[in-house]
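Read through the structures below before going on.
Below, chain A partners chain B and then partners chain C, in two separate complexes.
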Partner chain A sequence: MSKQTAMINRYKWYEVISIYAAIAVFLFFVLAPFVEGFLVSLKPLSRLFSSPYRFWPEHGSFDAYFTMWDSVPNFGLYVFNSIFISTVVTVVVLILVVPAAYAFARFEFSGRGPLLAAFLAVNMFSGAVLLIPLFRLMRSLGILNTYAAMIVPGAAFLIPTAIWLLRTYMMRIPKELEEAAYVDGATRLYTLRRIILPLAMPGITVVAITTFIGAYAQQFIYALTFNSKTEFMPLPIGLFAYFGRQEVIWNELMAASFVGIAPALIVIFFLQRYLVSGLTAGAVK
Partner chain B sequence: MGQLHLNKVTKSFGEIDVINGVTLDVKDGEFVVFVGPSGCGKSTLLRIIAGLEDATEGGIVIDGVKVNDLAPVKRGIAMVFQSYALYPHMSVFENIAFPLRVEKMPEADLKKKVESVAAVLKLDQRLQQRPGSLSGGQRQRVAIGRAIVREPKIFLFDEPLSNLDAALRADMRIELTKLHHDLAATMIYVTHDQIEAMTMADRIVVLNGGYISQVGKPLELYHKPQNKFVASFIGNPKMNFLPATCIAAKPEGVTVVCEGQTVTIPVEPRDGLTGEKLTLGIRPEHITLGAGDVKFDIVPSVVERLGVNTIVYASASGDAPFSAAFAGAAAVTVDTPATISFNAADCHLFDDKGEALERRTDLHEIDLEALNAV
Partner chain C sequence: MMNAKRSAVFFAWMLLLPAALYIAFIVIYPLIDTVNLSFTNASLRKTYSYVGWANYDKIFNETFAAVIVRTFIWTFFSVLLKMIIGTCGAMLLNAAVPGRSLFRLLTMPPWIVPMAIGIFMWGWMYNGQFGMISGLLQNFGITDGPIAFLAYGNTAFWATIITDVWIGVPLVTLYMLAAIQAVPQDLYEAAWTDGAGRFYRFRRITFPLLIPAMITMSMISLIATFNSFDIIWILTQGGPSGSTTTMIIDTYKTGIGSYKYGAGAARAVLICLFLSLFCFFYFKAINRLSTEAV
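On to the complex of A and B.
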């Protein structure tokens, strides 16, 4: 062997083959719909249901990526709405969750355990179960058919998970750091701002990403029920516009889906650079 | 000024009493070490002085002011933590400057202060680095820098050297002693390491189970331990304890039978001792090969040769293992019986409650004042 690896990382040839086979099976399940969707977006509509079925597109082209803008002229607005709603949800969630998670991680107060359990229980209900009460609530508040109708429930249902995630992260920050700051005269808020927030940044980034993705994915149900104005519609509803009365424009629908998730992908790509581990190295010991 | 007075301080966590009424006076400029086994309450006591824990009862008085309800910074204390507690996202400069930033000191003054502290601690070349890139000893110095930059009245150290390796620990011990001399500040230092206590302290407070076992200068604790706990805690290897029976208590000393031999030990006698079961304590380093006042045979089971001395472990009549330290390379081998002895003047005597009968060692003979001038 030219390159030495540690004993713990050495495998027999059949172990290597089974590891890669397992990865391949897993990846196939996860990625096949995406591959198929992408190939569909390249096919001309008339050839979609040609028999025999062909996996590789004949006469494949990116035409659908251009014609989709004509079939649904508002598509750009829907994408913008989606990003806008998700961004506002993420910001709102972060503003509320950072102090909350800190409190849950550090302060002893009565009802902390039950509250955390309640948050977990809320996660068991999807928003769909509560649609009718939510609808009545929105109506009483007078925010039906506004952005708020999608932002408020969106944020509300994402907060519990975010608190749990960030609380766990913050509990890993050594308590001595806060005690040292306290001994040096810093207030709780000063400590939160100067010590905890910078150290919790990777955790906050994870929460931001999951919240953004969550908000991006869950809009459908709220948008469908709480909003009937076209100009506020987000991406999932916008995709519905490709379902015509006679036929579904499958290739443009697939193209639109890929275009629609592109902004989210870009946001995540940039955020993940902040997921640096080992930021607390050198704090204690 | 940095006087500290603890008045009957107690601390309970629920049902468990951790500190059981500690009363102590610390003079200005004194280096006091709290020492004791794990769980004896020494760290808790320090945290109570710091203001990180509340005392359940009792008063903490610094320079005549009761500080029980004051925040740490108002008490005029600074603390160095066992884990250093450096802020990993800040440079060394910002770490040291942190307490000054909190009190919003003007930038120019702040810079001057941090730089002078860094010079004292030989950190001037490291100011722009992050704690993560420093060695253990340097991190420790940054933590100390953060404490001294505020010029507190009292420094509190919570086992600051326990994360360092042995060589570095010895170096830092010397540096801390020098620092104490230069700053002339009151320092309270918690450790479980009796070497640190013996070498650095002006006075040692031995804690056991939330009580103060004894307070005294290092050599006082070594030569005149007030009870069995202090006797066994101070000194390495530990003091040996042998069962003994008192047969007479006269003004010149207490006569006991130990290992079948009769010996008169120069300690203060007390009424009603005759016939009592006592415990005789003898330090391993006071045992010699060959003749002495009390002589008996041991069979060495382990022999450690350290060059400067030879330590022998054996089982004796007592239940605890028996150890002896002979100077240089002693002629003992494992499983070969050796005759050892000790002198009556080196012995300690403890009653059945573990309290010591005061030895007639004159501490002035070992020139305590010169050794330990405060």
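On to the complex of A and C.
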């Protein structure tokens, strides 16, 4: 940062205070549900349903984090299902997207532009719009009420963004490397496997992370519609069943939610740089 | 030479084939099937017959017109609020104050954690007796009694919008932040040397250069918001008495809830038509901007 830029960015004291105040309001909006959810998970159930409202928990404890394992007996299974579904979705997406992105990045053939546009147009339709034919399709394939019913449509709608991200990354790999390999007599497939794949690894990592997060965050509608078996339910649907009950054990459900989102929060913490670069790539250009 | 080129094209198509087939099978075929079903009386029964435009005739009545209008109002306010809050957030996070990388990190959770779980937490916050919003409003003496936000049509409508905004804001913020950071620094330096104030620099440099990114982001938000399902389904399931029933909720209730596949498909076709229309205007706007830039 040049000296001049530093001077432009110098704020007066009252400007600094108003910036911090505005950031505080902004972050309060973003984080309020998590703060409230966490405080609820600390409150004993009897205190939770008492008026008047108290923001801070009295007699707060972490009891709910232990008792929830009895109240939500399948909790471990739900978390496993969530992670399992997201992992398989990520693998499927990568297997399909890596070759496709390479084809779009490197080869010239008639129809390339329209085909890429067609892939991106998929982003326009969410699974919710196509739910009725998808339901019939899953039924005729005989995969209703299996993991596959949640994995197959989940992967399809994550493919377009993944192709776009990886194509952008692969276009930056110098062409000369492949040309040198061809001169040495390497086949196209060998060149892809031995030269492009290792060089594209950082890009593939970003795509894998964003796909996994996307698959983990969006587990609701397919699981709600295409699966009714408890043993295959991902966490959001597993917990959703408890919210419809007469007596909702809010503190334990909030505790369960926090344990369930912990993997995602850990991912944010360690991989935030990849996430931001991955999901805002192509934003500006 | 010619042969080499042809084999390269063949190789490229081979690479594309798996992804293209997958999309054709899971997206294109269902899309065609939706249009096909919309002209039938398909239901849970194995067979169905074609009924012409009957499904479309039936949905064009007052109730459905209200659903369309409601969907547009819901979408409009959600996108508008997302863009305003997100762009303001991006400008705040761009300010050169200590701690901003931490603040950027703290912006991300609503977008990263499973959507449904964030919505569960909002469900508790909207609770009239014990939730935070009603509770704080009473503690500060703004309202006398508890407000059950999800129990009344008007408040439920806005409550679902606010939750949708909450989920959308992180992406808008980070996207607009990237756009702000892409504005060349020397423009600011030149303006600063000429004595331009901070507000003037924003109005004359930052804002005009952000317009393409704003259009792109509004478009992405518009499509996502128009398709928004989880939030309304978890919080209100379209109620109370239909006040949060958007087109997508209506389609789900008809097609999946009551097994009227034909009538549901006709509604889905209408949603697709609206989405195509949005895209058409988007590309027009982008084209005009790029020709103006030249």
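We take it that the second predicted complex is superposed on the first by the 229 of 285 C-alpha atoms of A that agree within 3 Å, B and C clash if a C-alpha of one lies under 4 Å from a C-alpha of the other, contacts with A are read in each partner's own complex, and residues count from 1 in each chain.
One rule holds for everything that comes next: contacts are C-beta pairs under 8 Å (C-beta built on N, C-alpha and C of every residue); 3 or more make two chains touch, one makes a residue touch a chain.
These figures come from a predicted structure and were not determined experimentally.
Considering which of chain B and chain C touches more of chain A, the answer is C. In the superposed model, A:190 lies in contact with chain B only, and not with chain C.
Shared-chain residue A:179: touches chain B; no touch with chain C. Shared-chain residue A:198: touches chain B; no touch with chain C.
In the superposition on chain A, contact is made by A:130 with chain C only, not with chain B.
Applying the stated touch rule to the two superposed structures, the overlap between the chain B and chain C interfaces on chain A comprises residues 279-280, 283-284. For chain A in complex with chain B, the touching residues are 174, 176-177, 179-186, 190, 194-195, 198-199, 279-285.
On the chain B side of its complex with chain A, the touching residues are 50-52, 71-73, 77-79, 81-89, 98-99, 102-103, 130-134, 136, 139, 146, 150, 163. Every residue of chain C that touches chain A in the complex is listed here, in rising order: 8-9, 11-16, 18-20, 22-23, 26-27, 29-31, 33-34, 37, 85, 88-89, 92-93, 95-97, 103-118, 120-125, 129-132, 134-136, 138-139, 146, 166, 169-171, 174-175, 177-179, 182, 185, 188-189, 192-193, 213, 216-217, 223-224, 227, 229-230, 233-234, 248, 251-252, 255-256, 261, 264-265, 268, 271-272, 275-276, 279. Against chain C, the residues of chain A that register as touching in their complex are 2, 4-5, 7-9, 11, 16, 19-20, 22-23, 26-27, 29-34, 36-37, 40, 48-49, 51-55, 82, 95-97, 99-100, 102-104, 106-107, 109, 115, 119, 121-126, 128-137, 152-153, 155-157, 159, 163, 188-189, 213, 216-221, 224-225, 235-237, 239-240, 243, 250, 253-254, 257, 260-261, 264-265, 267-269, 272, 275-276, 279-280, 283-284.
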